[in-house]
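Paired with chain B in one complex and with chain C in the other, chain A is shared by the two complexes that follow.
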Partner chain A sequence: MTGTAASRVAVHSQRTDLVVAAVAVAAIGAWLWAFLATDRVGVLATLLAVAAVAFVLAQRLAPRYRRALTARPRAATSLVVLAVCAVAVALRDQPYPLLMLCTVLLFVVACVGLDIQIGHCGIVNFAGAAFFGTGAYTAAVLAARGVPHIAVIAAGGVVAALVGSLLILPVLRTRGYYAALVTIAFGILFSTFLEVNDALGGPQGLKLHGIDLFGWKFNRDVTLGGTTASFYVNYFVLSLALAVAAFVFARRVERSWLGLAFDAVRLDEIAAATFGIGVARAKIVAFTLGNLLCGIAGAVYAMMQGFIAPNNFTFGESLILVSIVILGGIGNPLGILPAALIIVVVPQKLQFIQEYRFLLYGVLVVLILLFRPEGLLPRRIREYFPGSGA
Partner chain B sequence: MTAAGETANGPTRDTAAAPLLACAELTMRFGGLVALDALDLHVARGEILGLIGPNGSGKTTFFNVLTGLYRASGGRIAFAGRDITGLAPQAVYRAGIARTFQRSRLCLPLTVFDNVMIGNHLRLSRGTGFNVFRRRALRRQYEESVEAARALVVTFNPQLAARLFDAAGALDMIDRRRVEICRALVNAPRLLLLDEPSAGMTRGETRELMDDILQVRAARPALTIVIIEHEMNVIERMTQRCVVLNYGRKIAEGPFRAVAAERGVQEAYLGQAVA
Partner chain C sequence: MDAGVLAQYVFNGVMLGVIYAMVAVGFTLFFGVLDVIQFAHGDVVMAGAFVGLATYLALHALGIAAPAVVVLVVACAAGLGMALLGAIIARWLILPLRAAPAFNTLLVTLMLGSILRELVRLFYPNGSNPQPFPRLLPSASANLGHFTLRLDTTLLIVTGLVTIVIVNLVVRRTRLGLAIRAVAQDSETARVMGIDFERVVLVTFAIGSALAGFAGVVYGLYYNEVNFDIGLLLGVIGFSAAVVGGLGSIYGAILGGFLFAALQTIGSVALPVSSAYSNVFAFAVVIVLMTWKPTGLIAEPASERV
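Up next, the complex of A and B:
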């Protein structure tokens, strides 16, 4: 009897926890809306300060509510998706913030891919922008030849994975810094190749048309129930779907024997080999999966932007992708969203101070890493089936 | 030696009479340094063999060559009637040789369960599609694995079973060693190589761990063990036979007491008398 009473209390408190979590997510949504919509520096600074304070407070309160959320992964995911959707609805007639939000979501897709490589398998890939760019250029070339866009997006991922397989031999033969050097060299090679290659538009780049999925034309404004929304809402829906899919995919990879093999290879290649784990196979799988996600994100990005050029995919861009992964918390896909928001959006918002914005932005990143060296949301210990009691 | 000689010409039979492991003229050179010098060594089925010798005498190198981490410069290794010279570490593990490391090589950020499962990886489904999309089947496999891991860990330390999902880095030294041995045992190897299991532990902890190992051995009488140790009382207690290495060469072989009494062995450890 006491048992059931206790469990009833537990259920009750878990429900309240979920309500509190829902309120928190709503607050995050409101913050996100303000963050994307504002173009005043005072507001931006206040928002960042509020976020920092809330973050510190949340660290203290988090364990209890985190349990309520991790026990219901679906509820947690839907809450976040709902909040982001609400933000998009609130921003529906402001194309520029919407474009930024879409860019953030596509960067999330690419960084989730990089995180499988870097955070899980330990392959430091400094050529993320090259694989992103491979997807983008594949999309430009194929879309111009009338290939259906759903196939164009898939091809972006596949071609990026194939290009990655060119790199896999040197990556397998080297480790740590040396593997990183190989990818740096490749990234520079890639953007230089684009510059000098006239068939792909050279430095002028290539133009693309908007996405057309089975007659759903993305570059048309959306009219629903009397209100007209910017056409970027279409891209938002697709980017969000891709980001959620990438997130669920990465989570499942992590919470499986595959993720365990990746971790074993990252932490100690020699021990992994001694216990029968195919080190090369694990690296090939992780590298391919990561590049696939980068390529898909690149293809959608290219069609959304309508124009791509070599300087979108330079080594500097690769560094931005890697810094999102590190800032978010290596190995934790959850941290990538806030990190991408900071790294993609803050420099855009600071444009009025021109070149100083990079200085300010650099200071911000250094400050975060100084106080959170493991990133905003450090990776937690693996639970294969969280919330199942197992 | 005969078994090894036959291996060089063709496969040996895997019979009860033949040694489980037979190395013939095994040599490992690193540039000018000869770490293993034409070593002939055999291990009988079900035996616990002690491998001793001063620092740098080639004991760990022997393990590394055996498990495929180093490629031998010369000689042959026959295991269970099969030539395993030059096989990749993964293939050696598949053949049934598992080891622990002198300097603990657990994955400290991972859980105890994860570490044990690293040793069980050959039996787990490794396909990407299976792992990502067939979650129900994965869950069944996972639940079976948790039970298996728990059962294995319990034989060492009942309290460790309650910490199955703690990070290995949160354990103390002796429990880490236990987890390392569990990882090496989970795939039911025929030969277990223990590289200085007492390193970094107190005398009491060492005794406790050796009790564990003997108990494990009692439950698996067929398990053959080679143990590298510097603690001579461990060697005396655990082993039936010892091989002494010095400069990569076998300088003595036999029961511990007999070997320890040999003048050459004492000189290898303590140096030659000057006068």
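Up next, the complex of A and C:
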């Protein structure tokens, strides 16, 4: 008797969980739509204040409700994807908000890559924008030579990973600040090289055409059932697919033996080595995977923007990518989405703070590191059994 | 190549090397006492140059024109101002993050650097454009064939070297230096011996940052132009110099500074490609050097504690 009662309670709580999750996701979707669509400073400020209050409340909520979103990650993920799609549908005839949404999603892909390196394996990478740029320039060069675009996108990732492999030896041999110097030097080397190299357009940069996947022309407006949508919907579909793939991939890696090895290497290299973990192998895999994701995101970004220049890939941009990872919560890919939204969209919205953008990022990151060093959504302790509530 | 031309390159390279070494010594001092990298150090150099420039403009407005007085006041203002800034950075940013992972300190100071940069760009009058820096030193020069020995550059080199030597003497020969070296070796034991840890840290940051302020003035006097964004590259170069030389060693920092200047000069003169690639070349060599000697040319003496 008690057994069935307990199972009934369990079923009931599962149902409420799902309802709670659906309501939360719907609210987030509505917020996201308003956030992207508004042009007015007052509305934006209100929305940010609402988000801040909601965030604090969510932190205070009983773990029971918080579990609603974490107990079944797959259901929660599909709900979030659904919400983002609904937002895109609502914004279908507004190119500019859609472009911002796509940019956010592509930055998310790159930052998930950096997160594997920094958050999981502990490899500091201050050259994220360089690998993003490698992908972008690869795309520009290959697309101009008539390579099929699906191959161009893949090549963007592969070339970024290959360029990254030049740094593997120095990254493996150095630690801490010495390792940070390697990537910083590379980031500056990369943007200086682009500035002075005439074959790649020099400071003027390169132009690209829109994506054409098997006859699906991305730069053509979409007409479906009588309504016409901006052509950015195409890019949205692709970026969302990439972002979801990156998330799922990062999640899988984290839960695999490889992810466990990454954590061990980050926490204590010597201890990891004594337990038989191949420190060098873990670092090589993490570094390459991260650069691969950065490169793929860069390739799509370049073709979406239609124009790239060395200015887009400076050391300052690398710092922005790292800020997104820190702000979101190192090691937790879920935090990257809100962090990227804040860091990419807010300055675009507030034209008058555009000028003060870097200043505000700087102050924001300094305050976060001083007062909430674990970021917005800190990474949780590894759960070996979902729902065990560790 | 003509000997005169060669001498000219060496002379200019030495000038650059002095500036880099002044920046690198700061990195190495900070690393010594706290095991941290103060990545805004390059922007402190830039801020020093701008404080010097503002002081010059103020003196100019007051009608004080005697060059010797002006140079002295400008250098002191930059040095003292940056010493204060360095102590503030140490007190409010670096010390509170002592328990946090090194990555956080690195990022906080990187961000502080971009804050300083943006503050100058946005709030210094017309700060987003390069500012002319006054020529305050006697500009006499002697022509020896293709080699022009300029008095002002010679004075800058000598002054720079003298300040580095003074800092080295302070660290090696004074009671304060003894305290700094004690903290660098083992901060806990130093505390047990009655050394005021926090004071030593603040003073070290003040000394290193004052040196950066001087470096900023030297930079301005040499190039006769300062810009808000010189700090990033100077910081990375100073850091590279300190790291390539070996963090924690003053001699390493000096060696690294001159080495980097030499690499840049070689990159712009001896390479078959355009001289614009000199930085690409210099940083590529730095990465190779790091691979060859992962803890710098003059390595830290202590082995890793487990």
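Following the convention adopted for this analysis, the second predicted complex is superposed on the first by the 363 of 390 C-alpha atoms of A that agree within 3 Å, B and C clash if a C-alpha of one lies under 4 Å from a C-alpha of the other, contacts with A are read in each partner's own complex, and residues count from 1 in each chain.
One rule holds for everything that comes next: a residue touches a chain if its C-beta (ideal position, glycine included) is under 8 Å from a C-beta of that chain, and two chains touch if they have at least 3 such contacts.
Owing to the predicted nature of the structure, the values given are computational and were not obtained by experimental measurement.
Judged by the touch definition given at the top, the superposed model places A:Leu167 against chain C, while chain B stays out of reach.
Counted by residues of chain A touched, the larger count belongs to C, out of chain B and chain C. In the superposition on chain A, contact of A:Gly278 is made with chain B only, not with chain C. By the touch criterion stated above, A:Tyr356 is placed in contact with chain C alone, chain B being left untouched.
In the superposition on chain A, A:Phe214 contacts neither chain B nor chain C. In the superposition on chain A, A:Ile270 makes contact with both chain B and chain C. Looking at the shared chain after the overlay, A:Arg252 reaches chain B, while chain C stays out of its contact range. Overlap of the chain B and chain C interfaces on chain A: residues 270.
Residues 118, 124, 126, 167, 169-170, 173-178, 180-182, 184-186, 188-189, 192-193, 195-196, 270, 315-316, 319, 322-323, 326, 355-356, 358-359, 361-363, 365-366, 369-370, 373 of chain A are the ones touching chain C in the complex. Contact residues of chain C toward chain A in the complex are 31, 37, 93, 96-97, 100, 102-104, 106-108, 110-112, 114-115, 117-119, 122, 232-233, 236, 239-240, 243, 247, 274, 276-277, 279-280, 283-284, 286-288, 290-291, 294-296, 306. Put simply, chain A touches chain B in their complex at residues 249, 252-253, 256-261, 263-264, 267-268, 270-278, 281, 285, 289, 381-385, 388, 390. Partner chain A is touched in their complex by these residues of chain B: 67-69, 88-90, 93-94, 98-99, 101, 105-111, 114, 117-119, 121-122, 124-126, 128, 131-133, 135, 138-139, 141-143, 146, 165, 167, 183-184, 187.
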